[in-house]
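A quick write-up on the structure given underneath.
We call the chains A, B, C and D, going by the order they appear; numbering starts again at 1 in every chain.
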């Protein structure tokens, strides 16, 4: 089936990519990629990180022009040489990361460049607010159109993005991992909108690493690997395992290989941790050898808690004790010295310095230890980086290349290397597998499991329920800034966690 | 609103004289010096003996280094110098910074030293800051003549003083007294607060006025920073804060022009007297429309002319800069060197409605 | 400017991502703070004038107010233009030099052709400025070089050009007597007792301010400064808009040059030297964020007015003029500290509401 | 069900995703500008009369000393993505205070110490506003540029203090033996070496580059960003004060308006040296070469009597070319002519 496009689905082909290639310098991101979107279908595009999905999206969005190949709209070749041109053709894109103007109002964010005008070509502000409100009603969101985008939660930002895409009356809606930051309710709302669009004859291209969502929403699935098209099939003809195998090019073993361990001594004690307006009275313990998951909806305050524990953020009240010794608040260096490591949520912003080389990134946390009498030689750095990239099987061209040239999964490995090399006794990982491919995901899970088995205490913040349930010895659930439940592995299932996360436990 | 970045750049304007040397070695200027630890004034540069009959050789490289290039006043002065150098069959050049700062002047002095100039004619942006550079130039064989603004007497061979400080100060006070009948409140609009010449003149003006015109009262001194706009504002401030002001003296060309423009467009025109140092071209309209009755200035072209001749005479060995030596400066005639190597151009010219059209600078 | 995005975390990513924001009153609050910001400068201005009035009751006499307006006109026009550029997260340091070139060019034009109508002189000055702005904008927008560096370069180069022109044409200074009387009377003209130059400045501010607030292209400038990458993705023609902002700012700097010539009537090659930091200071004092995305031309104009008034008021208050620079510096620091405080409070309030509202 | 086309087990990703283009506005390193400098020096030595002499070398270096000195901490500040525009005003204030204290009768040794302390305080004030209040350094230091210069005038007003001891002022302008190399160059070289090691071969330097590229990532790596920035501003103050002391001695004149506008020259040297104004890239070698190149070009052009107007145009053009050229080169390198030239492609990667 992979050798041909299945026919017989309803709707004509709206948008097609034929033999599209795109290179950045020496790196070929797309090599003869194919894609066909029909009116009235939701089409999934899956592939590992680095398979070329994002480049393909950017070509559709008019951000990049293809080096070779054609983009066909209604069978006619079109030139999408700017985002504006793509919009004019009715292609709307929701990007992986929200792209809002923090200083402008929500309404202006949505209608930028398309604000309703009065007769004098001035912006009609009442009309602008009205249209925005109407959109929000359609989405079931309650947000003030006039508030600035600054300070919106990531989920709310994503809702604004969705509203923006919706406001185009797009013929083609491209969603590049829109659900990464959304909670279940919000995902469902988004899907409702997508289905409505689909029933009006629009084509929806959906990109995600979450297979449950892909299978839930989409009619057809296109798999890409290494910048090339692999297959396109009706969803009903596929299983998750088949898709994964095509993405990776091999069978993937058990996704969540958590080993059972006997928990050791208490490593971390958090007591009454409070930051006004963010989280309140959070207390928990973590023992050696234990993986403790911190679950909850996006915005429940999980990342904020671990950031405060690590000292990147300050907190107003409470205490953090590591190995029985109180940890100085607001001081990551002290936390590191005490054996704490944090793999942060946002790899590109917080985890890595994207412009610096792999070796500089990998050794950034250990620069004082590697220095001799204050002198830090490039050779020492390289040797250390080489050692760790070997241990974690980081695939990088040269260690002196910018870390940004690596795939998402390999970047995440560099972050892990950076932290594991500090030899921590407590490892906090925040969304450790967000946006990374299936193969690496399994590697990361295996690694975490192995570390715990070797006696490391692990705190894992994750929004992926299967990951939480598969990996954790205990699940701590947060809701609206409070720790509402502590569920042992035996009792943890989707229902118990979700009930707690949505504030309905007990 | 003036710039805070460059407000204090000393624009090369008329700042005069003489007294700078005096001022800086004694503590006349509000005590800027601590004490004379290494007081070593005296007959500077006059170690060699003069040969009054020495021939001025052709082809002398005479360089003019004004406070700032493209400054109209210095352009006129340098023009006078160029004329003199032409008469002497020398090699004239004019170099200088585009902003009036001592540090950039030093860089140009260094360049001239390196080029082996025979005579450097300069007007100092800072009497001390360019001294060591001038010393190096002289060690390299150059003769240094200062004009308009002097340096420390030790580091130049001669100074061409456009007028004595006494002459400048007294002329202005006399002009003012004439116009206001010798009594009433008078204010001074000066250049920058650290302009040594102006400060010296102002001191003399005050004591001279107190002595000769006891009814005349110098009530305040404000600083227009030699910026037109600031001077304009300060003028307006003066009239606001002293309603019964009778006259304004502005011993700087920028100041007097700005003050005149303010007065001519205000209700004070003809009621408040204005005098000081100004150029005929800038003041012509205001003299003709009755805002200003009379003001004074020396002829800057003559200043440059004399400086070039003095430099050539020094270079030829006709003079050494010692007191009492004499030399002939072309059309201007014979000059005698005064104390500390000072050569005085003469009394300032007073410009009035009946003679202003004879001048074009 | 794309590289600068790396320094800005995505919207609110570092703020606490509190539960869903559901606040009606957040917006009202935000708007009130913006208004408060401009009212704040106005209040400072009124306070300054009040204190000066107590010290010298004649401070607000007709003549004095007119003088104040004339003094402010040039800076106000420059501040309005600079606002457009700063809002896009750029800066134009060359405005002082552009003003100098334009003033000198217009002066030369008028001396050589005394019959030139004032309107033509004004347009000529604006064209000279626009060309300078085009050069700046083209290098910034096309070559993607940071504007701070480019305009620092043109700050030197344009000043050098003016000076070279003056020395090669042997006209180092243009005096009032050289200028045609029609132009001089334009400089002193009044309507209803208000100097025409000031009215022009006010008109410029109103037009620029209104355009920034109420037209798509104006709002897009805010978008570009607020998040350049997002602006590109949402189809805003970033390069063209930035280029336009530079050209308009250049044209206004050219206009300021004409106003300068009309007001001072004595021109040399140093006109406007060092004005650039003053202009930026006026904008910053007026609430235009140096990082782009916020602020208004009205605020910047008020900032310019405040700086000018300080220059006039200090001598009248009998304060040693040596203190003026220090006062201006302190004012800038106070203004940015105030902006920061307001922003933080707004963020805290919005966050607080988020939690309660959900 | 179709069989996978590729049978070989491939783990992870064989093909890296599109690379983010390296930051735009920087020369690859200081090497380009250094090469350019050497080239210029060679050409000027042969074609400009009097350029290649020990005396001229001395003049040239003496003009560079203060600029290079102040550029040291400022380079570190720019690398972290901040800027300090108040350096020249700190030079002026330190000079004014030096004059005032000398006039008051203090010993020069004590005065120098006090000036350095003053510099530390001024720098700390900048640093506090930037790190503690979180204000943008560009705006803060535009403010303190005015404030510090204003204070210099408040301190010394219209006066100039000039009677510093000969031994000191002579030291400041004389050279090491007959080499033509000014005395001050030696301590400067020591400071350059220390700064270069600090920036390029210590954990602190690594942290500075990390901060300049991504402040968040640096904080998450345990780097105390605020504290490091604070101390950089303090260092900038101390070094500027030292520059003020040297300036005063070199010109033998303490004045409030000393070194006005010098900040632009220092920044021009840094940018010419290939440091990105947005931080995160560039090196000290390039900056020193940039400072020397600017001074050499001026010196050589002055020697051939090029007027100062043209010097300004050359300075401006040099600065623009220095930032535009690598952009153009980078684009030619990475941007192979595509089948279809599109605006989107030209914009490249973010």
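Just so it is clear, a residue touches a chain if its C-beta (ideal position, glycine included) is under 8 Å from a C-beta of that chain, and two chains touch if they have at least 3 such contacts.
Worth saying up front: this structure is predicted, and the values here are computed from it rather than measured.
Minimum number of contact steps separating chain A from chain D: 1. In terms of their C-alpha centroids, the spacing between chain A and chain B amounts to 73 Å. Between the CA-based centres of chain A and chain C the separation comes to 42 Å, rounded to the whole angstrom.
Our note on geometry: chain B versus chain C, Cα centroid distance of 37 Å, whole angstroms.
With centres set at the average Cα position, the gap from chain C to chain D is 28 Å.
In chain B, 4-6, 9, 69-70, 98-99, 193, 223 are the positions where the chain touches two or more neighbouring chains simultaneously.
Shown for chain D are the residues that touch two or more other chains, namely 23, 145-146, 149-150, 153, 157, 213-214, 216, 261, 307-309, 311-312, 347. Multi-chain contact residues of chain A, defined as those touching 2 or more other chains: 62-63, 82-83, 346, 349, 354-355. Under the contact rule defined at the top, the touching pairs of chains are A-C, A-D, B-C, B-D, C-D.
Put simply, chain A touches chain D in their complex at residues 1-3, 22-25, 27-29, 48-52, 54-55, 62-68, 79-83, 225-227, 230-231, 233, 237, 242, 245-246, 248-250, 312, 331-333, 335-336, 342, 344, 346, 349-356, 360, 363-365, 367-368, 370-371, 374-377, 393, 395, 397, 402, 404-410, 418, 437, 439-440, 443.
Residues of chain D touching chain A in their complex: 1-6, 8-23, 197, 201-203, 205-207, 209-210, 213-214, 216-224, 280-281, 333-334, 336, 338-345, 347, 349. The touching residues of chain B, counted against chain D in their complex, run 4-6, 8-10, 24, 29-38, 69-70, 93, 95-99, 101-104, 106-108, 110-111, 113-116, 126-132, 136, 152, 192-196, 199, 223.
Chain C meets chain B in the complex at residues 56, 58-59, 61, 63-64, 67, 71-72, 75, 96, 159-160, 163, 166-167, 172-173, 175-177, 188, 264-266, 268-270, 273-278, 281, 304, 307-308, 311-312, 315-316, 318, 321-322, 324-325, 328-329.
Contact residues on chain D toward chain B in their complex (touch as defined above): 49-50, 53, 55-56, 59, 63, 102-103, 105, 145-146, 149-150, 153, 157-163, 165-166, 169-170, 173, 247, 250-253, 255-261, 298-299, 302-303, 305, 307-309, 311-312.
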